[in-house]
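We call the chains A, B, C, D, E and F, going by the order they appear; numbering starts again at 1 in every chain.
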Amino acid sequence: MTGLTWRETRDAGRSGIALLPIGSQEQHADHLPMGTDTLLASAVVDRAAALLEGDGPPVVRLPVLPYGHSPHHLFAAAVSLSAATLSAVLGDILGSLARSGYRRIMIVNGHGGNDEIMRLAVKEFALHTDAAVAACSYWSLGTLSPDEQAAGRPEVTPGHAGWFETSLMLAAHPALVRTPLPVREPVEPPPLFDRPPHAGLTVERHGEWERVGGATDDPSGADAERGGRLLAARGAELAQAIRAFDTATRTHSA
Amino acid sequence: MTGLTWRETRDAGRSGIALLPIGSQEQHADHLPMGTDTLLASAVVDRAAALLEGDGPPVVRLPVLPYGHSPHHLFAAAVSLSAATLSAVLGDILGSLARSGYRRIMIVNGHGGNDEIMRLAVKEFALHTDAAVAACSYWSLGTLSPDEQAAGRPEVTPGHAGWFETSLMLAAHPALVRTPLPVREPVEPPPLFDRPPHAGLTVERHGEWERVGGATDDPSGADAERGGRLLAARGAELAQAIRAFDTATRTHSA
Amino acid sequence: MTGLTWRETRDAGRSGIALLPIGSQEQHADHLPMGTDTLLASAVVDRAAALLEGDGPPVVRLPVLPYGHSPHHLFAAAVSLSAATLSAVLGDILGSLARSGYRRIMIVNGHGGNDEIMRLAVKEFALHTDAAVAACSYWSLGTLSPDEQAAGRPEVTPGHAGWFETSLMLAAHPALVRTPLPVREPVEPPPLFDRPPHAGLTVERHGEWERVGGATDDPSGADAERGGRLLAARGAELAQAIRAFDTATRTHSA
Amino acid sequence: MTGLTWRETRDAGRSGIALLPIGSQEQHADHLPMGTDTLLASAVVDRAAALLEGDGPPVVRLPVLPYGHSPHHLFAAAVSLSAATLSAVLGDILGSLARSGYRRIMIVNGHGGNDEIMRLAVKEFALHTDAAVAACSYWSLGTLSPDEQAAGRPEVTPGHAGWFETSLMLAAHPALVRTPLPVREPVEPPPLFDRPPHAGLTVERHGEWERVGGATDDPSGADAERGGRLLAARGAELAQAIRAFDTATRTHSA
Amino acid sequence: MTGLTWRETRDAGRSGIALLPIGSQEQHADHLPMGTDTLLASAVVDRAAALLEGDGPPVVRLPVLPYGHSPHHLFAAAVSLSAATLSAVLGDILGSLARSGYRRIMIVNGHGGNDEIMRLAVKEFALHTDAAVAACSYWSLGTLSPDEQAAGRPEVTPGHAGWFETSLMLAAHPALVRTPLPVREPVEPPPLFDRPPHAGLTVERHGEWERVGGATDDPSGADAERGGRLLAARGAELAQAIRAFDTATRTHSA
Amino acid sequence: MTGLTWRETRDAGRSGIALLPIGSQEQHADHLPMGTDTLLASAVVDRAAALLEGDGPPVVRLPVLPYGHSPHHLFAAAVSLSAATLSAVLGDILGSLARSGYRRIMIVNGHGGNDEIMRLAVKEFALHTDAAVAACSYWSLGTLSPDEQAAGRPEVTPGHAGWFETSLMLAAHPALVRTPLPVREPVEPPPLFDRPPHAGLTVERHGEWERVGGATDDPSGADAERGGRLLAARGAELAQAIRAFDTATRTHSA
């Protein structure tokens, strides 16, 4: 959208899908940069957009929102929007898009802490506006391709600043990954937010992120090659999700 | 808590776990009552509490919150708290419990629409208070026992006003279920919020609940016997979850 | 409402009156339970509903709101909603009822601390919605019958955890009253919030509830017999108030 | 305060009582001005201050807040603060006074619509600040002196734009009262907000103020002489209330 | 408006301009009173109103808002509304005026700290309401007349509690100015909020107001004669501004 | 910051200055893109950063906030945050930076509609946090160099989508400027928000932006050469402002 005039923005909104990537600025251990989630959400959207060019539905990319909800990382360093603020930001963006003629919007998220807020925003918006809205976190889209099954490690996906994110960053922004990769010993007990004591239970304990040192698993085995395959798979899933959303909501284009 | 004096309330808080069930008042098709989610959350908590008596950790039950976030059911009938209101209610309850000496709290939810708000509340609270807090929706706890696998139908669990909830209500509150059970023909396309066009995508479309008639699947095959087995299994899972939470957070009892 | 389907809920709303009891969870000295206000509001509504059956106006009871505004009791123990939160809850409930077809609503309050918030909510709602709304605290309804004059002690009514509430609880929930009843010596000076230094003045002083030990007067003389008469009288008054509200607002039923 | 320097303001706050009059700008029928409530609150405070001079406790008058909560008068004309706004204003004023060294504050209200908000503000403030705060509406202070009993008409006190307020305005600001006074025929049924169908019931019905023409009773019998006696009596009551508040809260002066 | 009936208020709103002066209560060093900004805004409006009488556009004066946004003066003494509160107050006043028939409104400000909030309020209001709204701070209106150039000292205008405000107060309210005027030595470095290190930069540093003693420049040279000329010039500018606003927005009177 | 680890972020915060550019997404007539303000704020910061490299104070650039307060452009197309939302975003960012160790922060703004909100945020923050914060809009920094005086046209600076912004965009992002540049005839009367009827008066009229076609002046004479000189001058001014802020606030680095 940044490069479009307002008439082009309006025209694209008649039948197109607005795509809003959202990320964060927050500690990612000692080897990944603050903007990791923002960079990876953008990278996945880049790959999906490339796949859609030509025969995909028209897509208007909005500027990535580089700040997310990261209060649990402020013990180290983060630039965090409160839940209320992020909720208001997403509501305002969705509302503006509707005012500007859009009826189909998708949010692509790169940061776990944004997840509930994003889904609430999408629900709230669709209640009051005649539109169809989708939301996803890039790592949980779709089913794993054989190659992704081979390359990936679901038990540490997505994690935080661990094997998965490090692998993707080695593929997408190798210059921003500090090497040699640190070796992280398992913390006992593992973080309750990541490994709840009973399946299906959300458990939050004060100071837990700081106790476990700000990461979920050992990044030291990450490599760019597998990261590249995973990133490509994530982009392909997002492209397919956009096509599926387009098909399911065509009645909402004008 | 309703029957405890304040000293008993305080004393119990030193080592006990506060248990807050939350539900909703909202349309549940033509055969289930408005309070279905509230009644089922309470029924599961009843069964878990019975299993814990004797050797379980001390538990203080709070009065069930009978109102939830149900704006999507107002097209028919509901008493709904906005997301901001429910969020404030949960925050105030958690904060009051902490002020009253509690360090371990669990929310047990009976209504899908409360899910994100409940999890946000739990996260927000643990950021600022030295406590451990858990949250769950009763249908997604734990893994299925063989009996539950035999009795259940995961593809329509939990759904809304469909086979699963009707089965449980036939077991828990048969007098409140209108019979004969209505037969519900599949709606095409199925509701996007329940069957997204791509796995992992949250899709919300304006008017979708009204379009599909306010329910997700056909309740007509529900029966009390299987409902009773499912309800027992849910209660057992909750009891186990409470034990596991107790073990994991004993350092937070005073 | 909990047991009604949505169609029954809607149908009842056309000519009926929605009845919302609200209470609290808060310290009530050493002999009364946390839920006293909630239990008594419900007890009064029970008695009124029984009196109305048959020839009274149709009434739809909502689930009691078991949490109120009790920040002044947190020094001991309470589960309190802030004024803003309770205000939002009542506004959301009233608004939902209007959306669901109700035009006549009454709130029956059991906790003094809810009073201003309840009345503000009722005023705000009627400004914006074509409806008639009533609100009352159960102890201040109507005029005293001869029997109530004989049984009661207006100088300590309602008070908090004193003679009046203890009497009613002995009648309504004797098993929840700890005996022998404690004897409470007068505190000097008496609490400013209860005995202002000049008639008509509201006076609030920091720490006053804690200074006077959390109650207003001596409960030791309370007995179940007089409590039963007072409770019956309160139920009768509420029933009459509902009839009067019905008569005065029939033009608002559809 | 307007004429004091900040050091005088601080010095006075050590042992003095801050006095905040609040009023409204709203329709008062065809014969009284918009600022009636503001003018009368100020007039009562003037008279009380005169009586206290010399031997009364030190009092610091704040500028009257000329805007109140009057949404029910917007059908004609008003400048109204929402409940949330007025609540915030009072909270900010109280908080600023505390920051500036005050520990004893009294609000004197001239407009019924401010009543609940004022009392909530006072309660909220005293919860969090080591201070003593009082609030009153000038017409409901104290007990009636024999002269006030003779001069007054309790059944229409205070009412709105009726006999009582017109009498006081004829005494306080005769030039602002339009004559001849209008004659107001009784409206049937009388306004529910002023004459509820059952004692102790608050009833609000949409459009009720407009239906009854914006006033509660007939002003045509008002006269300046009785108005003067009533105003003097109100001032005397306020002076006594201030003395009583002073005596009761001396421990809160530094 | 205070003295108008509601019909007069409505009638005046058809073609007239509503004029809202706003001020503050805040420390003004040792020689000026807390209400200085309120008093000066009122004084300028008085002078403008006098100049407009006869041939000017019809103007309805609202009661001055005596409280503004002064958190930076609380270190000494102030009664301050938060930015959110003042914003809500202005929004409510503007909205009420629109509801009461006004289409042309002007805010005249006497306190620098209100400036951004006032301008935001005016912009927000005009977005949603078919009206024309103006706002100004009295010292920055128009261009300097030759007499004002001769009498004034632009390098310390307006400042805070310095030469300019002291001069005006000596003319408008000499009895409220404490004499002899204090002599204020320059503070090094000068306050960053008043003398930013680079032109066009807004710089705020914690504790800066307290560091420089609560004033910006030396008041000791102020005199009533020049203050009177400046005040007259400010009134004349405001009168001209009102005429210009009237001419530019006549299409907005009904 | 995006590329820094959290330790680098923290380390830089000890003595460095955090730099936050903010912009907008909003209509810029038919020839400039939606992101113009964001792109130009970034371009000025780029040039300043280049000038500071080597001998300037350490600076940490935050990701540009690409969304601003643009409700007045929604008549065409915009993605706008409400004033409350943008205010919350800036407050959260400033607060996070303080939590992460920063004591010196500067906001560089590219969109007029953000101005008051940015300045309020900066003031609010410095009240409560021991820090020094600066804010500016890039076009109003400093004094004009001789070259800038020669190249510029102050009477249309900054304007909106007119000669000034078009010139800068031709220099910074020529590929995003649609040519041939449109010719814009003067609108009569000119927009009140840009040309108030009296100097020093802020005037906002409903629908004014739409009436004048969304721009303030004729862009057709813009050229890249002068745009480049203006852009270089703006970057130089910002660099000097950063140096001056650094000098003035060194006591705030740790």
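Remarks
Assume contacts are C-beta pairs under 8 Å (C-beta built on N, C-alpha and C of every residue); 3 or more make two chains touch, one makes a residue touch a chain.
This is a predicted model, so every value here is computed, not measured.
Shared contact partners of subunit A and subunit D are absent. One of E-F, A-F or D-E repeats the interface of A-B: more than half of the contact pairs, counted by residue number, are shared by E-F. Residues touching across the subunit A-subunit F interface largely coincide between the two copies, over half of the numbers being common to both. Averaging Cα coordinates per chain places subunit C and subunit D 28 Å apart.
Inter-chain spacing, taken between the CA centroids of subunit C and subunit E, is 49 Å. Subunit B and subunit E have Cα centroids separated by 56 Å.
Starting at subunit A and stepping first to subunit B, the touching chains follow one another round the ring as A, B, C, D, E, F. Residues of subunit E that touch subunit D in their complex: 1-7, 9-10, 13, 25-35, 38-39, 62-67, 73-74, 76-82, 84-85, 88-89, 91-93, 96-97, 99-101, 176, 178, 214. Of all the residues in subunit F, the ones that touch subunit E in their complex are 71-72, 83, 116-117, 119-120, 122-127, 129-137, 140-143, 189, 192, 196-208, 237, 240-241, 244-245, 247-249, 252.
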